[in-house]
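Structure incoming, see below.
Letters are used for the chains, namely A, B, C and D, taken in the order the chains are written, and counting of residues starts over at 1 for each.
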Amino acid sequence: MRLKETYLNAAVLLGLLAVPLFALVTDEPFTITLVTRAVILALAAVGLNIALGIGGLVSFGHAVFFGLGGYAMGILAHHAQTYTAMDFGAFSIAGTKVMPVIWVVAVTLCALVALLIGLLSLRTSGVYFIMITLAFGQMFFYFAISWAQYGGEDGLSIYVRNDFPGLNTLVPIQYFGICFVLLALALLLFHRLQNAPFGLALNAARQTAARVETVGLTPMHLKLVAFVISGVITGLAGALFADLNRFVSPSMFSWQLSGELIVLIIIGGVGRLMGPVIGACVFVALEHLLGGLTVYWHIYLGLILLSIVLFARGGVIGLLTGKEGAHV
Amino acid sequence: MKHLLLATAAAVFCAGSALADTKIGMITTLSGGGAGLGIDVRDGFMLAIAQSGRNDVEVVIEDDQRKPDIAVQLADRMIQSERVDIMTGIIWSNLAMAVIPSAVNQNVFYLSPNAGPSQLAGPGCHQNYFNVAWQNDNLHEAAGSYANSADYTNSFILAPNYPAGQDALTGYKRMYEGALAGEVFTQLGQTDYAAEIAQIRASGADSVFFFLPGGMGISFLKQYADSGVDLPVVGPAFSFDQGILQAVGDAALGVVNTSQWNKDIDNPTNAAFVESFSAEYGRLPSLYASQGFDTANLILSALDKASPSDADAFREALRAADFDSTRGDFAFDTNQHPIQDIYAREVIQEGDVFTNKIIGVALEDHSNVYADQCKM
Amino acid sequence: MSAILIIEQVLNGLQFGVMLFLMAAGLTLIFGVMGLINLAHGSLYMVGAFAAAAVAGVTGSFVLGLIAALIAAACAGAIVEMVVIRRLYKAAHLDQVLATFALILIFSEGTRWVFGSFPLFLDIPDALSGPVTLPGGIQYPLYRLTLIAIGLAVAIGLWALIEKTRIGIQIRAGENDREMIAALGVDISRLYTIIFALGAALAGLAGALVGAIQSVQVGMGEPVLILAFVVIVIGGIGSIRGAFIGALLVGLTDTLGGVFLPELFKLFMDTGAAQKSGSAIASMGIYILMGLVLIWRPTGLFGTRA
Amino acid sequence: MSDPVLDISNLSKSFGALRATDDVSLTLMPGEIHAIIGPNGAGKSTLIKQICGNLRSDAGRVHLMGRDVSSFSTQARANAGLARTFQISELAMEDSVLENVVLGAIGAEARPWRFWRKALDTPALVERADAALDRVGLQGARDVICANLSHGQRRQLEVAVALTLAPKAFVMDEPMAGLGAEGSKTLTGFLDSLRDEAPILLVEHDMDAVFALADRISVLVYGKIIATGTVDDIRSSAVVRDAYLGEEA
């Protein structure tokens, strides 16, 4: 039985909506929180999937953007709840607890940093690109650990979730709604972008840079723009993740997190629209179910990942639809 | 074998029947780096629950993998789905800061068996938050006090560059009256201390104070012992607990460290605890195990007087601290952190086993400097 | 800051560097010949340390422990190569990263399952313990001097192996042209297994040697793995010479940065702040170094292939 | 006589001691097919890379339509009107034939910064692509994934992508390589019809094709052009016979 990818995608999205609604009826608020976590991780991975799946940029440092988004939220909310202003010498900025404002700040910050990291990193390729992005991740990680003003390695606690006009974000299903809508928007963007001239050119640049140059396009520019868009979406996910936990810490910058984002995509299917979503759901479910069975659940996670690489190229989607994913 | 079975019971562990009246959620570190501490706390805690023979207390145990976001997620689950009354178990300050403020605001009681960050002792204190171990500064303050009594006048001090490390040096300096030969922040997770040891050698110090928890301490002590620098070393108990000492070996012999507990504290509760813990798990208890054990007994003592559903009465019962602590005298200060003796211990060898022996009291009936800042 | 202290710190940096080289050499060989990114290299380091600690604990002999470390790591490497890695040579880098990441999880939790969560004990042999006095009155631990000597000996040995032996010729041929060696009638899969086991043995050796002065515990491999990757990327992936130079650069930068940056900062800020910011920047030092090298030379110092 | 479309003067490139190309000059006139032949290792690939901007020249200049493009990148030369096909197909193998040709159309419009509307639903792009596919006779394989194409179809697709660029000049690197006799013949006929659209600089090993197509032939040996002339000139040239054919014998 080979499924058509469109049906599979629709089923996954519906499932993602149905589970929390069912949990709402049966009064299982934690299940909603769990699904929200999967949705946010999926959003981060959708971002990475633009760079990695379409553009072939194996960024081992996407935690930079996840963490930046998180810290943008943490710092703004911290100043808002302590009624202090951020002092930049010549001027100062008040904090805020309004989510959309925080998102705009997070997204802008991530765009700037992605532009800078992209400009420097895209001079390299292959393994060197993997490693230079890792290096940037480590720089941010160590910086965050020693940044005592914002908690250093202890991180920053935000005692109540930030506000969204018209909603009560502390109610799990409402916060889930916000995250789900943003994920849906990101998926729409991914889908349009992948099929638009930009995506087509970027996808070709992953496969053959020489061809793209020969038709008069510059692969480096395509990849840089992809990297920035990618970083922005992952950054937005970081801000949501921080709000889900009401907490930010340097672990959001860790290389393990960068690795996990890659893992999510591979589990689902590289370059596939719903790959990150399926990957995130599978990952969170495994973490939850296996983690409940044994403290040695990492062994089983390892075995599952290994089997995916060895026997299921193309991830879950590849397995179900019988089509391999993008080669990176 | 029994402890292996316990170890796999990460999901739900029922001490009694399904009739449980009180649900306790324990989030602690059982896998990955630093799992030894969480395992000790859990084993000490469960020992006390088992010894109480009560069948109306259910303990839900979860592994946080030492990741703050996982801990937060587990806390959400315990509060939202399991609807626990009391939470405990967190080992690390950063995880504590992630979980505790929001948990106690959701009307859950939290009793810390290990971490005691200063924010939660001072302005961030809360009527539902109790610390049964120590405020983070305590053992470092005791080390500073011990340094005075040992007539050290020129200490070289070092700790990793993160909040707990910075607090450690502040705590030591708060009590220590001598001069500083040097003050160094190492990298978190650093494994090689040759550079720092060379600085110590060149500094002209007469003593060394260090706070390097976990594997960092093992590395430091082994390298220090091999360096030929033979200045006396003091530190908090974290690098000298029962789990770590065996990995350090000879290198730790004779080192003085400060702790609120040791297995030779002379009281019947402690003697019984050490004996029953060793019998149950086949290893000597560590201070973490004693903290877990005390936390459980404090909860049990309060449950005898009131139910957590009557929050005010239960809180009063906890405040009274009317239980037999393995540490002897134990009381809560106004910010619900312990007032207790802190001892200086020396590392000795008993047969094949490295362990600690009390050599004196470093600070008597010691509380913490943050109590004044706490307004409840 | 006295000259003695500076010399001692340079020695420390060297010692750190040569140990990193043991890790990086295997990693870079495996990449150079097989084109494989092996994240599980740190696990082989851990296997070496645990094998040494376990055997030294039972027999009381450090040398036996070292031999056990070499054998255990080489065997683990060979088995992993034959069971898993072999299927990945033609796979994309991304698949290799994921598969070897999965191996880390399996190795780490497996080790914890067997040995428990508490660190193991492994000590310096008596004959090598304590400091010696070097010319100029420098007191330096004998064991660390031994590590430097072993590291340099291994470097020379590797050079000789690659330049002077039959297998070295095959390795060099493999780096230049993979089809070529098959055409020459070399048993490729045997050659790959040998190289992988060799790299693993070097990592295991490093784990055991370093384990004696650090803590032998689960997860000890990952920080070293990251550093080893930094080393081979700086040196240029596939180049043994690059790995050697890169290892020394990283070792020296890390050690000297941690010592001298805070001193430097003290010139223009107060002691406490200088300590904090100095060590914060020092902790980023090697990554900054790597970033600069790659921006200057996108394929590392001695790298050719991208 | 009109001005050359492509004017290459004194190009040189050395790799260490090896002089891959040495003071190469040649022109491509409107409407002509100018073939470059030479034994293996003569420097033909190097010369193409220099002309197309993949390799920086040590010396010499390249003019396209009278404009000095010597300092241009590959992309800029493509935008200026230079279309290249590759000896070993450089195609997006995971994509369909249409997508590959649409890529050319996107490049021709030099507007990749469109993020929303589907490329395959954009009439201007698809029409341009379809026209090119029609010309090379690949319309039937429009939706086939490139990796599933036959070798010959890939060669056709290479040319189709070049056609979408509506170039001023083609540079073709052994388009006949690997084609059977039948395929060569078809492609020869097609290239013959292409010369009116834009002149072709043709590097080719297939002598039958070269003699059938070329208006002029240049012979490259050891990085130097030893002779340029009509088919008959070259056939009868003693120098060429010695240096080139002699070597093959």
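The criterion applied here is as follows: a residue touches a chain if its C-beta (ideal position, glycine included) is under 8 Å from a C-beta of that chain, and two chains touch if they have at least 3 such contacts.
Being a predicted model, the structure only gives us computed values, none of them experimental.
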| field | Chains touching both chain B and chain C, listed by label | value | A
| With chain centres set to the mean of the C-alpha atoms, which chain is at the far end from chain B? | D
| Counting in whole Å, what is the centre-to-centre distance of chain A and chain D, each centre being its mean C-alpha position? | 43
| Taking each chain's centre as its mean C-alpha position, how far apart are chain A and chain C in Å? | 32
| Between chain C and chain D, what's the gap in Å when you average each chain's C-alpha atoms? | 49
| task | Indicate the whole-number Å distance between the mean C-alpha point of chain B and the mean C-alpha point of chain D. | result | 74
| remark: Check: chain B positions touching at least 2 other chains come out as 31, 35, 161, 166, 187-188
| message | Two-or-more-chain contact residues of chain C, please, as numbers and ranges. | response | 109, 112, 276, 279-280, 283
| request: Give the residues of chain A that touch two or more other chains, as numbers and ranges in rising order. | output: 142, 145-146, 148, 296-298, 327
| note | One finds touching chains in the pairs A-B, A-C, A-D, B-C
| field | chain B - residues contacting chain A, complex | value | 7-8, 10-11, 30-31, 35, 63, 67-69, 72-73, 76-77, 80-81, 93-94, 97-98, 101-102, 105, 117, 161-164, 166, 187-188
| request: Can you check the complex and tell me which residues of chain A touch chain C? | output: 52, 58, 60, 120, 123-128, 130-132, 134-136, 138-139, 142-143, 145-148, 255, 259, 262-263, 266, 270, 296-299, 301-306, 308-310, 313, 327-328
| Complex contacts: residues of chain C adjacent to chain B | 2, 4-5, 8-9, 12, 15-16, 109, 112, 117-121, 123-124, 129-131, 139, 141, 143-144, 210, 212-220, 223, 255-256, 258-259, 262, 271-272, 275-276, 279-280, 282-283
| Tell me, which parts of chain C touch chain A in their complex? | 31, 37, 84, 87-88, 91-95, 97-99, 101-106, 108-110, 112-113, 226, 229-230, 233, 237, 276-277, 279-280, 283-284, 287-288, 290-291, 294-295, 298-300, 303, 306
| query | Considering the complex alone, what residue numbers of chain A touch chain D? | reply | 189, 192-193, 195-201, 203-204, 207-208, 210-218, 222, 225, 326-327
